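In this document, chain identifiers A, B, C and D correspond to the written order of the chains, with residue numbering beginning at 1 in each.
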Amino acid sequence: MKPVDWITQVLEMAAALAAAPVFLGWLNQCRAWLQNRRAPSLWLPYRNLHKLFHKEAVIAENASPLFRIAPYVVFGAMVLAAGIIPSMGTRLPLVVSADAIALVGLFAAARMFMTLAAMDVGTAFGTLGARREMMVGFLAEPALLMVIFVASLISSSTALPVITAHLASGHVGLSPSLAFSAVAFILVLLAENARIPVDNPATHLELTMIHEAMVLEYSARHLALMEWAAQLKLFNYVCIGFALFFPWGVATGHIGPAGLLVAIPALAVKLAAAGLGLAVIETVSAKMRVMRIPEFLGTAFLFAVLGLLVHVLLKA
Amino acid sequence: MITTLPPLLTGCVALLCAWVLVGLAGLLRPGSVRFAGRTLFTLGAVLGLGLAVLAGASLLSGGTERLILPLGLPNLPVHLRLDPLSSLFLFLLGASSFGISVFAGGYFRQGEGTLPGLLCLQYHLFLASMGGVLLANDAYGFLVAWEVMTLSSYFLVTTQHRIPEIRRAGFLYLLMAHVGALCLLLCFGVLQGGSWLFTFHAMRAAHLSPGWAAVAFLLALIGFGAKAGLVPLHVWLPDAHPAAPSPVSALMSGVMLKTAVYGMLRVGLDLLGRPLWWWGLAPLILGLLTIFYGVVFAAVQTDMKRLLAYSSIENMGLVFAGIGLTIVFAGSGMPAVAALALLATLYHCLNHSFMKSLLFLGTGSVLHATGERNLGRLGGLIHRMPWVAWLTLIGTLAIAGLPPLNGFVSEWLLLQSFLFAGQLPHAFVNLLIPMGMALVVLGAALAGYVMVKFYGIIFLGQPRETSLAHAHDCGRLERIGLLWLALGCLALGLFPLQVVHALGAVTGQLVGAAVPQASAHWWLLAPVPGRSVSYGPLVFLTATAAVVLLTVFVVRLIYRQRVRRGPAWDCGFGAATARMQDTAEGFGQPIRHLFQPFFEIERELPEPADRTPRYRIAIRERIWRLAYEPLARAVGRLANAAARIQQGRISVYLLYSFVTLLVLLAVALIS
Amino acid sequence: MELVFLLGFPVLGAALLGILGAHRRAPEINAALSLATFIASCALAARVIGHGSLLFGDEQFFIDPFNVFLVALTAFVGLTTALFSRPYMRVEVDHGRLTPARLRLYHSMYQLFMFTMLLALTTNNMGLMWVAMEGATLSTVLLVTLYRTPASLEAGWKYFILCGVGIAQALFGTILLYVAAEKVLGAQGMTALLWTHLDAVKTQLEPTVLALAFVFLLVGYGTKVGLVPLHSWLPDAHAEGPTPISAVLSGLLLNVALYTVVRSKVLVEGSLHSRLPSVLLMGFGLVSVVVASLLLWRQRDIKRLFAYSSIEHMGIATFAFGMGGPIANFAALLHMTVHSLTKSSIFFTAGHAAQKAGTQIMEHIRGLITLSPTVGWGLMLGSLAILGVPPFGVFTSEFLILTTAMRDQPWATPILLAALAVAFAGIFSKVQPMVFGETTGRRLPHAPALLPVFTHLAIVLLLGLYIPPYLAEWYRAAAHLIGG
Amino acid sequence: MTHIPLAQQLLDTCAALLLLLSFAMLSQRRVVTLVNLYAAQGAVLAAATLLLAWRTGEDHLYVSAALTIALKVLFLPWLLHRLIRRLEVYWDTEPLLNVSGNMLVGLVIVVFAFSLAQPITLLASTATRGAIGIAVSVVLLAFLMMITRRKAMSQVVGFLSMENGVFFGAMSASYGMPMVVELGVALDVLVAVLVMGVFFFQIRERFDSLDLHHLETLKEHE
């Protein structure tokens, strides 16, 4: 590992931190346009965070230390995840210590802390949110893992950079198994990031919400961290999607200035496209009942497994 | 005959004997908690530590020692053997029993049913017999130790024998265990291959026809599966483990189940020589089934110890799936991959013994502090008993398989080995196994669900009963015990490379291939043959910690206002009471809804116009209705039929003799 | 010399106790005489170990390792039972279930019973063996009916008639044996019924006749062994008689009967070229095991329960003898030993338990462990031992028998496995609630005699963990004699 | 035609008589007559023994003949008669199997018995070996009688006549058993009958009848 790689590493994390809110903003803008609304500013998420950071924090009396630690842990996990996913370059020092499975584990850890924190205060909505979140999680995680396994069977490694490099290297043609898992991945992405049709990030109708219900008791900086973490999560998922299915433009060697020149714009373009795509999906689909979610995710899981079988059958 | 005594093995035997003596010492003053309860248990704990040290040494040395004691059958003295496999499990026994015994030293009080002294005897006999199982090198010694283990644990389970459920649980346990032991007996009967030598090395030498070997393997699977709680032989486990006092539950789940794994490995991979690949399918499929079954049932439990028991079933499923995978790979000439799968299996055994012991002890403390086992009556204990809460949290995260703790490592290894299934030369099987992988992953995720339920409902939220206000944190000895196990979880999670090195000897012994170590770094685990995959928990942890601390620092830097405490907001809904939180049933509801067909549910729903609405739900396993009750009825019917023979009239009895006589005479004439 | 003592003491005892009758110290005298007998048997055993097989009284008596160990066992259990019956019978008298007159009958008949069994074991003359067996029946019949209750009378009558008839068949078998032997050994054969001589010429005996003879002998003595379907008398007699008698019946009489069967088997198998005897024994054994273990499920009376378990274990031993071969025979002999020790100790504890609860119905015996820990633990450990749970000796023999069966008679193992499992469920599901749980019983004036119980259990435990070399040699020699 | 010695003819007649008596017992329903028949059987047995003793000159046969007369002709019948009088059991109830049925089964059994005796007859060297088959059938017939009777008393008589059959078998196959054994057997039979006597009184005082249906309570099957 050269110092330059460490630079890339830090750069990636920083980029993620910076880009995540913007990406959300962009997503919201696209949605607004598609729904003939006046679009909010691209920088609105930043303003929100800033506002929240400057408020006074109020915590329930019976909240335990766990409640206060959780936001930091969740946030930290997401930042680290951003450092593991090769969004610009594949030569990342951190990656050797955490492959794709560890990445999923990291997400799981974040979720665990979030739900525990939600149950900590002991309100009806908190536990409700936690329960629903876990229900989403125990189906989404395996699906995501299976998706990753398809890719890793193709490139015979569970290390994301290796996968990306192998897929980017081009001698992998169009493969049906990847197509299957791509569909699965999109479903998982929607569910995991509390997007329509699974959850409505904009709603404040308590009975239907999942993510919002969990962070109900948070305020000020804790809430800010939670929000930011959520944005990072979305960003990370999108980047995983890129790494698995659209690995173009990622610098596979040492990432010099030249590499950057390619990588950054490529990422920007892909993000823009992804945002648009997501917005379209969210616009055309309607929020479903909570009890339908398992079916939704079950489909995703099934697709992923199918992808796996197709790969084993066709060796493609 | 050996002239000079082998040092390590002799030491181990001495320690086991010492355990027995400690137990017997309990009878000196059976009534006294201070003597039998505190002193002796602590002593036993120290012995356990010694055992762990010796076993660890022998594991690292990788050598094999033999010893013959002049006991047992006339021409079959007790053979003992300390090889890597047994030393690994001995280490497991010693290490986790240390924590458990220390805890037990602080745990047992008066009025636990059995006298403390007797309890002490049974407990240490239990420990010693488990050691005996691991050291035995001949069928007879093995079975004797095996059954003594069962027996002593049975008496421990029925400590509070006045409660009918507990008696029932004990009976069921002993019955299943005995049937299992009979199967093992027959298995050894096949293995000795007519040589009439019941020593293990004679069995290794014996040449069996494939058919007989398969029979032996199957019998072993039934026998050890019954002990390990493999579906459908698991029915005793969720009753027996919770029935016992918590340290005993910890021992049973944490250690005793592993002896079954040990036996399976010993017979399947050692005594039977080179297994055929398709044998592996049986444990694999059963294991996968067990994973799913166990975790689904764990998710809907309302009794915290039952929940843990089902989770043990799930983990045993994971282990047996690993064994099956090992055999499949080893049988298809992929020793390196087999070594990887075996590594995952062994690693998970270690992990589970620490995690599950920790959790059971945690529930023990809760039980003592509150007298409650029902999740529906707990809650908010993190405020009352911080020690227990925070230490248990480690176990919870570990068993949920989250990095960088130990549960994750073994699952990671197992998945890595699963990923090789595609290369198997057998069509259809390499299709089947990815499905298995899907099941494993799903099980792991569900385990997360279960653990959130477990921890969140016991320790978080508001206390669901007013009595919980008087709950007190656990005592000093108990803290030490919990701390030890928690540290074990951390260590196993953070230094996998060192553990893998230590396990190398075992994999070498069983599948003849050590795990390749690709990376040069001491902090990086890269065991996968021919693939650039690696996992470095230390870096992982430091990175996370760094980010978190940095965040904290930065946040503090840019923002310096105090934190105000206020009432929970709860969307402005003021009159929120503790009873509005999710109950255990509530939290499990999605699972119950999703996997309806698994359960046999009886509901008691309140009327719409109910003044005092009550909601009760009881969940049973269908397998009782489907398998066990019909079996019992069938035997009953046979018994009735047999009873017709004995119907009281002397003429009829005379007729029996008469007919028997005539028939036999006819037979004698013909022949 | 030892033999004279061995047989002399019981006869003396029978007479003495018959005369002394309801003497205050009669129980002690009984115990003392049993002790003397036991010492004599030990001396005899020592001598046999020293010099090998012996012949006495112009060949009328023959001692070899096979029967001498049974002699020692019989004398020992006889002694412990006498010790046990001391307080037990006192309690019975206090309860007014017995009159002193009947106590006299009990004591003298007890000694007579001992005599007949020792005679049956030591005699070399198949005819005398028959006489002794019949004598054993007659001396116990009146003990079974000691309480004079309707049930006990019925049990006694069945015992008397069924065993009487059975034994008559055995006599006919003996005659056939004699006929066949006479042919070879020449007429005027005082020798023609002597087992040693028969054994010497067994290969020349006429097969068909011997086959018939064996059938008669098997049905005859098999009735006393309690092989299904000839077993009908056994549970009744065990349940209704006084407990010491149940103990010696199932601990000793069954052994002796099995001994006679095996003796005959040895002869017949020598002359027969078919495996008929082995097959018959295995068949009877299996049937007994299966039926008995099924019937265990329906028992309500504690002594009846363990009577059926005796049938089951006799079945196992018979099966093992049927399989033959050094290891199976060894195991069968061991099984006879441990079974008689364990079972008698169980009957002791069961007797105490029944006295404490005031009934033999198991539903009403509860929580012994709280009422009297020693009795409770005795019953629990004894039952576990008889169920073949290590480290008790019963497991050792079952281990050998099952492993042998797995090699030699694999077809039988599933049956045995199922039967053993059923038996385990049947017995333990009834023992556990008796030992554990809340209690209803009451304390008794006389302290229970637990020395015998725990002596037996200790020996059984020892045999499970370690068989002393000379004992092993002894068994091996015996197994060798039985051959196969 | 070959000349059969008179003794031989007499012996065969005795054998035939024995069989006849067994059948008579099988069909007989009055207990008193039953006992008389038993006594007759004993007498025939004794006669046969004497003949045999005279013919073969075996001394111990005289002794056993004496024993037979003493025990089976005089003492036991007397005892049984006394018991009958004391206990007032003159009639047995209808047997479980009616007379003709009994006879039929009896015939089948006799045939079986003879085929059974075939190998023994071939082996035995005695003059009376032809009678072995009869001995066997006497035993089996007695057995059948015990099965079909409902009164304790008649069962006992059956038991005794079975013993007769065995004894006759011993005699005809090998001129009797060694002395020791015969004495032992006789002793046992004696004791048995005494015990039985005791029994009768016990049963009587409990159930005031010797009907066996009182003795059918101990059973597994409800």
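Throughout what follows, a contact is a pair of C-beta atoms (placed from the backbone, for glycine too) under 8 Å apart; a residue touches a chain by one contact, two chains touch by 3 or more.
Predicted model, so just to flag it, every value in this text is computed and none were measured.
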Which chain is in the middle, if each chain's centre is the mean of its C-alpha atoms? B
Chain located farthest away, centre of subunit D as origin (C-alpha): A
Which of the chain pairs holds the record for C-beta pairs in contact? A-B
In whole angstrom, how far does the Cα centroid of subunit A sit from the Cα centroid of subunit D? 101
Mean-CA-position distance for subunit D and subunit B (Å): 70
Nearest whole angstrom, what separates the Cα centre of subunit A from the Cα centre of subunit B? 36
Go ahead and note the Å separation of the Cα centroids belonging to subunit A and subunit C. 78
Scan subunit C for residues touching two or more other chains and write them down. 157-158, 161, 165, 208, 212, 235, 295, 298
Mark out which residues of subunit D touch at least two other chains, giving numbers and ranges. 116, 119, 143, 146, 155, 215-218, 220
Contacts with two or more other chains, residues of subunit B listed in rising order: 640, 642-643, 645-646, 650, 654, 661, 665, 669
Going by the touch definition at the top, which pairs of chains touch each other? A-B, B-C, B-D, C-D
Subunit D residues touching subunit B - in the complex, by the definition given at the top: 96, 112, 115-116, 119, 140, 143-144, 146-150, 155, 212, 215-221
Quick check: in the complex, which residue numbers of subunit A touch subunit B? 53-54, 56-62, 64, 66, 68, 72-73, 75-77, 79-80, 83, 94, 96-99, 101-102, 105-106, 108-109, 111-112, 115-116, 119-128, 130-132, 134-135, 137-139, 141-142, 145-146, 149, 152-153, 156-159, 162, 206, 216-217, 221, 225, 291, 294, 301, 304-305, 308-309, 311-313
For subunit B, which residues are in contact with subunit A within the complex? 379-380, 382-383, 393, 397, 400-403, 408, 412, 415-416, 419, 422, 430-431, 434-435, 437-438, 441-442, 444-446, 448-449, 451-453, 455-457, 460-462, 519, 523-524, 531-540, 543-545, 547-548, 551-552, 555, 558-559, 561-571, 573, 576, 578, 580-582, 586-587, 589-590, 593-594
Seen from subunit D, its contact residues with subunit C in the complex are 116, 119-120, 123-125, 136, 139, 143, 146, 152, 155, 159, 162-163, 166, 169-170, 173-175, 177-178, 180-181, 184-185, 187-188, 191-192, 195-196, 198-199, 202-203, 206-207, 214-218, 220
As the complex stands, subunit C meets subunit D at residues 60, 125, 127-128, 130-131, 134-135, 138, 141-142, 145, 148, 150-151, 153-158, 160-161, 164-165, 168, 171-172, 174-176, 178-180, 182-183, 187, 189-190, 192-193, 206, 208-209, 212, 235-236, 239-240, 295, 298
